[in-house]
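Next, two complexes with chain A in common: one pairs it with chain B, the other with chain C.
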Partner chain A sequence: METIVNASEEKVPKKKKKVSYAKWGYIFVASFFIVYGIFTFFPQILTIYDSFWDYTKICGKPPVESPEFGGFINYANVFKYDADLGTYKIWKYLGNTVLMWVIGAVPQFIVSIILALLFTSSRLKLKGLGFFKSVFYMPNLIMATAFAALFLVIFDTAGPIHLMFVENGWISENFDFILNRGWSRFLVAAMNFLMWFGNTTILLMAGIQGIDESVFEAARMDGASSNRVLFDITLPLLKPIVIYVFITSMIGGLQMYDVPYVLTGKYNNLETKTIVMYINEVLRTYNYGMAGAISVVLFIVTGILSLIVFKTINGKED
Partner chain B sequence: MKKKLLLTLGATALAAATLTLTSCSDKDVFHIYCWNNEFQGFFNKYISDEKEAGLDTYHLDGKEVKWTQVVSDNGAYQKALDEALANNKNAKKSEKVDMFLAEADYIIKYADSDLTKDVTKIGLSKADMADTYQYTVQAASDNKGVVKGVSFQCCPAGMIYRADIAKEVLGVETPEAMQELVSDWSKFDEVAAKMKEKGYYMTGSYADTYRVFSNNATAPWVNSSNKLTIPTVVNDWMEQADKYVKNGYTKTAGVWDADKTKEFTASGKAFCTFGPAWYYNFSMTTAQKGEAELNADGTEKKDADGNVIYKEGTSTFGNWRVIKGPQSHFWGGTWALAAEGGDDDALVAKVMKACLSDEFSTSIIENEGQFSNNKKSNAKYAASGKGNAFLGNQNDTKIWVDMADSIQFKNNTIYDQQCNEGFQTEYVKYLKLDADKRTAAEKEKAIKSFYSYIKTQFPILTTD
Partner chain C sequence: MENSLQQKNSENTASMVRLTIARVISYIFLVLLTILCLFFFYLLFVNATRSNADIQSGKLYLIPGGDFFKNMDNLFNSTTLNINIWKGLGNSFFVALLSAILTCYFSALTAYGIYAYDFKFKKAAEVFILAIMMIPTQLSSVGFYQVAVKLGMKNQLWLLIIPAIAAPSCFFYMIQYLRATLPKDLIEASRMDGSNEFMTFNRIVIPIMKPALAVQFIFSFVASWNNLYMPSLLLTNKDKKTLPIMISELQYTSWGSKDLGVVYMAIFLAIIPVVIVYIFMSKSIIKGVTAGSVKG
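Up next is the complex of A and B:
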């Protein structure tokens, strides 16, 4: 190897002696790091910094006065018991977030895996795949806020679903879907399901198609049943993509904001308030300290959960 | 060769970027912040250089006027305004706020601060404000009495009712006779019971009477030692709302909900509502125009010019009348304030003077059905014998003139918008429960939930 390099060096003129293509690699990668640094890393550091400042006295006033240094007071407040609500807000909102994510994500994974298997099955050879893929992906193209606003109009007390339910005597006229704990959570989860199952399906299909066809052929030659192929070949080989989809979905779920906010923000519904809605609520009166502290807590929780998921799914191989 | 190509590409990109930056150069404009387009419409028609409706851009003394509109829900307008004002001195010319609009609920936060300018220092004199109502001046003053803004309207509010329903149910022909029947809350309750018998709602929203009560408060939401207490009058309102929902006198729809405003149409069941002149002219579209024609997908049908098409015979235009009702009160009002850091003082002063002028005031009374902030113009119109067609040619100005002088601006705090709106939001959760679940414990829960909401936003506040 060494000799070859030396030989080529001898041939080229002296000026161009130190042409290093690695430089271009760095230059191209740099753009990402610069953008990441300015728009993500720096604000993250700032958030942590902010979380140590006490804004209590100047909340709600135009942001011209400076906060006092508060140490860990914001963290103490994050974990403080709310006597008025009779609960710990942080755990309640975190619980809401996880619950709504789970209600939406579990059916999302099941449906997506089934669809992905059907679409990639070489035996079924379904026609019009492109069409179905587009249709399933479609809800994801609509802005989440617009999608939620649509649901809000449909399920409003002056909306068609409410009217239909009242006329059939299923609910009283006073009933409000958005205020009902079960319904509002279900609607948020349903919307997330509708928006994301297409995306997950496409990712899983890509994963299945990435598995070497010869493995399936070999299995079939050996007389493996379809179930056997599914559970012993497809799913295990699909694991890396499943982990990826699961973790990204979980992180997205923990950051759930737009759908529940648009659907239930009007009523300040405590049963569908997510952790990011809580951050937004304290930010409304410029409590950057408290918002920073909640964000840091969310960051740590997300990190821990991701690690747990990664370890559990990947555990057997270690 | 490749390097050269890259360089050329880079240089072109850079040049293009610079060009874009310079082309959206820092244009000096007259910049106004607002939360809806009510005043903007009046400005375009009566104050701008163009003085006609429907143009794309307007000018004042040759300078382009720029409006930034942020909806006021959940305090979003206040937040946007706070941020803009805090950075106003160093803002680009095109972004600098010169003037902004504020509402009664939060005006003192800005008037009583360094974010606004003394209007007498930018060209307004006490004489310009001589004919205005005292409370509009007081609301826009800081704690030393320095005036920071003016209002173009005065907002005494009354009971707005359907004359045809009054005749059918109560046999009442005139507003005077109607006033007799609802002169206090117990009489109001009696009428509500009669309305219910005939299948009508007294009001379309549980919160329609909220401002009548809250505006007559004898103590503020938050006292000087930062303690949050629910005013006695709001307690009274809670009882009324509870009773009205229980008896089916009203609906659990919010003040601005479609579920309420649909009751203003010809087939609607709401007998009355409460509000000032801006309310029935600006916020009662379903009464003014009727029910909108809908497309199959539920959106409003529009004609070739983009105007909404309304179903024939569904409007209640001309059927409404206005009276003082059980208790006099005022609601809202828009003030224009001069922003500190703004660089168009002369234009701000010009707009403010125009707002108080006889000419502008007469125009908005006669053409827009407003009640102006100019006592002379109001008195002139009250005596003119003319009337508002929406109110069956009743001269509403006459009613407002009698009420306007007694309006007092007191017991206001910087927390009022969140308190007033937050309280209704939390309380309706209780009202929407099924009848057998509306217990004292649930009511307490709604109040506690309100406390928690306010304390999350303003951690400095305490409760018992």
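Up next is the complex of A and C:
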């Protein structure tokens, strides 16, 4: 029997030209959707569901049993004024996150655009570009945790950079880079810059190389100066990619965790605490409701900011 | 006539001079950025070769010392740091390797499923996968952690491995690669030869996708190797911790009382495997950065 079935199956495609293979499509994509459903989609729904339940009475000791329905109580708590800190936690940490991202991202995009233009310039014809590209991209692959730990050791009060600054009289001996508001934020931003400018450069370069060469030729034939080509052709045509890279960078920036956590987490430096560090802290007390509410707020903020960035960069001309 | 010719000549030399100046400035800029990128890693290497006494003095050393192997030995054999670096390397390698294999194989499978077959929700499936790339990971982490705690499944490494099957960005890369390289006639031809659908995928499509798989393997391996957030929530057992967790906990050691040569060595060891792979494969890795992300 089996052989007959097999044989007939084999012959079918030859006889009839139109055989539906649709079922194979479903089979091939099934694993992705099943795993996504169980390990990502379901937890996402659960997070949102959690955010409406009050865990405060029982949290702190796992396993957590039967929380009470809390309505919007967690959201109210998220946006509550914290008298101990003298501030609204959520705005403080969101502000820290956005600020540190901006301090790193602005130079990152300026340097990356300059580098992408240098690398693709047909007039300059620079040499050794492969080497420079490789070096600039490398920090992106390095373990952020290890990179931050390295900064922590060398900027520590016992570290070499600290001693160098003290010996030159730039700082006093008790000065601590990691505890100082400006310096700790700057260090986090600087590390983000170092880790990401190579990546951005490569993406923007690909964008420039993707512009049709004939557009440049036509402009040159019309006698356009290189400045005009840059500002009227290259940069406008590069805009969609800049938007894409900028929004991806922002989404990543809002989820900033590894670097500030390792660099400043030990001292519980409130000036570098990010929103994800906050979620993590709450989650470790098993207050799923509160952690869920902050996560939902982060999700909504991410969506709104992405939309604003998209509209402001894109909307100017049309 | 002569005047204008002279003028033109001087204009030419002037623009040549300007071009040379522009080149020099460009190179200075590039070299400065190179130094900025490499300086800290060089410092890490130098300090990993120095003795604790050297480092505790707080001086900035720029020349390697002779204690590289001593530091390594201390890291592997002593208990100064209270971390088991062998376990860390082993756990990290295990999770990263299996995650990368699953990500690559199943992303290719999913991409092929959507590329090669016509079915009702084909377009919807692709749009859905692209859309979910925008959702922050944190949204799922709370629920994920809760379930893991409830089911008593903290400290299970496979909980970090299985989700790697659904990797939207890798899928995106794979489907673009398929569209550019795999002619549909080839699938038809292999059917004519009596190959069933899975055989076609495993024996014909996978070999064609080798370059894409190699690049994505490196990316997903590195991503998993470096991953801190979810592992640090789930893995609390000393024997299950991955390398990034151990490194992140170094911050709680008080430097003064510890062997700093060993601390630097631990950081060095966390970084160096990726750097070595990168040195040999930087060209194809850099190509891979763009191919997956820009076109869309």
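By definition in this document, the second predicted complex is superposed on the first by the 277 of 318 C-alpha atoms of A that agree within 3 Å, B and C clash if a C-alpha of one lies under 4 Å from a C-alpha of the other, contacts with A are read in each partner's own complex, and residues count from 1 in each chain.
To be clear about the criterion, a residue touches a chain if its C-beta (ideal position, glycine included) is under 8 Å from a C-beta of that chain, and two chains touch if they have at least 3 such contacts.
Small disclaimer: the values here were computed from a predicted structure and weren't measured.
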Handout entry: Which superposed partner A:82 touches (first chain B, second chain C, both, neither)
Key = first
Exercise for the section: Could you tell me if A:172 is touching chain B, chain C, both of them or neither one (first, second, both, neither)? Expected result: first
Practice task
Could you look at A:35 and tell me whether it touches chain B, chain C, both or neither (first, second, both, neither)?
Solution key: second
Practice task
Mind working out whether A:265 is in touch with chain B, chain C, both or neither, as first, second, both or neither?
Solution key: both
Exercise for the section: Mind working out whether A:286 is in touch with chain B, chain C, both or neither, as first, second, both or neither? Expected result: both
Completion exercise
Of chain B and chain C, the partner touching more residues of chain A is C
Handout entry: Which superposed partner A:158 touches (first chain B, second chain C, both, neither)
Key = both
Practice task
Could you pull out which residues of chain A sit against chain B in one structure and against chain C in the other?
Solution key: 62-64, 153, 156, 158, 160, 265-266, 284, 286
Fill in the blank from the handout: Interface with chain B, chain A side, in the complex: residues 56-57, 59-64, 77, 82, 84-86, 89, 153, 156-158, 160, 172, 174-176, 179, 265-268, 270, 281-282, 284-287, 290
Exercise for the section: Provide the residue numbers of chain A that touch chain C in the complex, in ascending order. Expected result: 10, 13-14, 21-29, 31-33, 35-36, 39-50, 62-64, 111, 114-115, 118, 123-124, 126, 130, 132-139, 141-147, 149-154, 156, 158-164, 194, 198-199, 202-203, 205-207, 210, 241, 244, 248, 251, 254-255, 257-258, 261-263, 265-266, 276, 279-280, 283-284, 286, 288, 291-292, 295-296, 298-299, 302, 306
Problem - List of chain B residues in touch with chain A within their complex - result: 74-76, 79, 82-83, 85-86, 109-110, 113-115, 245, 252-253, 257-259, 262, 298, 414-415, 418, 422, 425-426, 428-429, 432-434, 448-449, 451-453, 455-460, 463
Handout entry: Contact footprint of chain A on chain C as seen in their complex
Key = 19, 22-23, 26-27, 29-30, 33-34, 36-38, 40-41, 43-44, 47, 56, 58-61, 106-107, 109-110, 112-114, 116-120, 122, 125, 129, 132, 134-147, 149-150, 162-163, 165-166, 171, 191-192, 194, 197, 201, 222, 225-226, 228-229, 233, 243-244, 247-248, 250-252, 255-256, 260, 263-264, 267, 270-271, 274-275, 278, 282-283, 285-286, 289-290, 293-294, 296
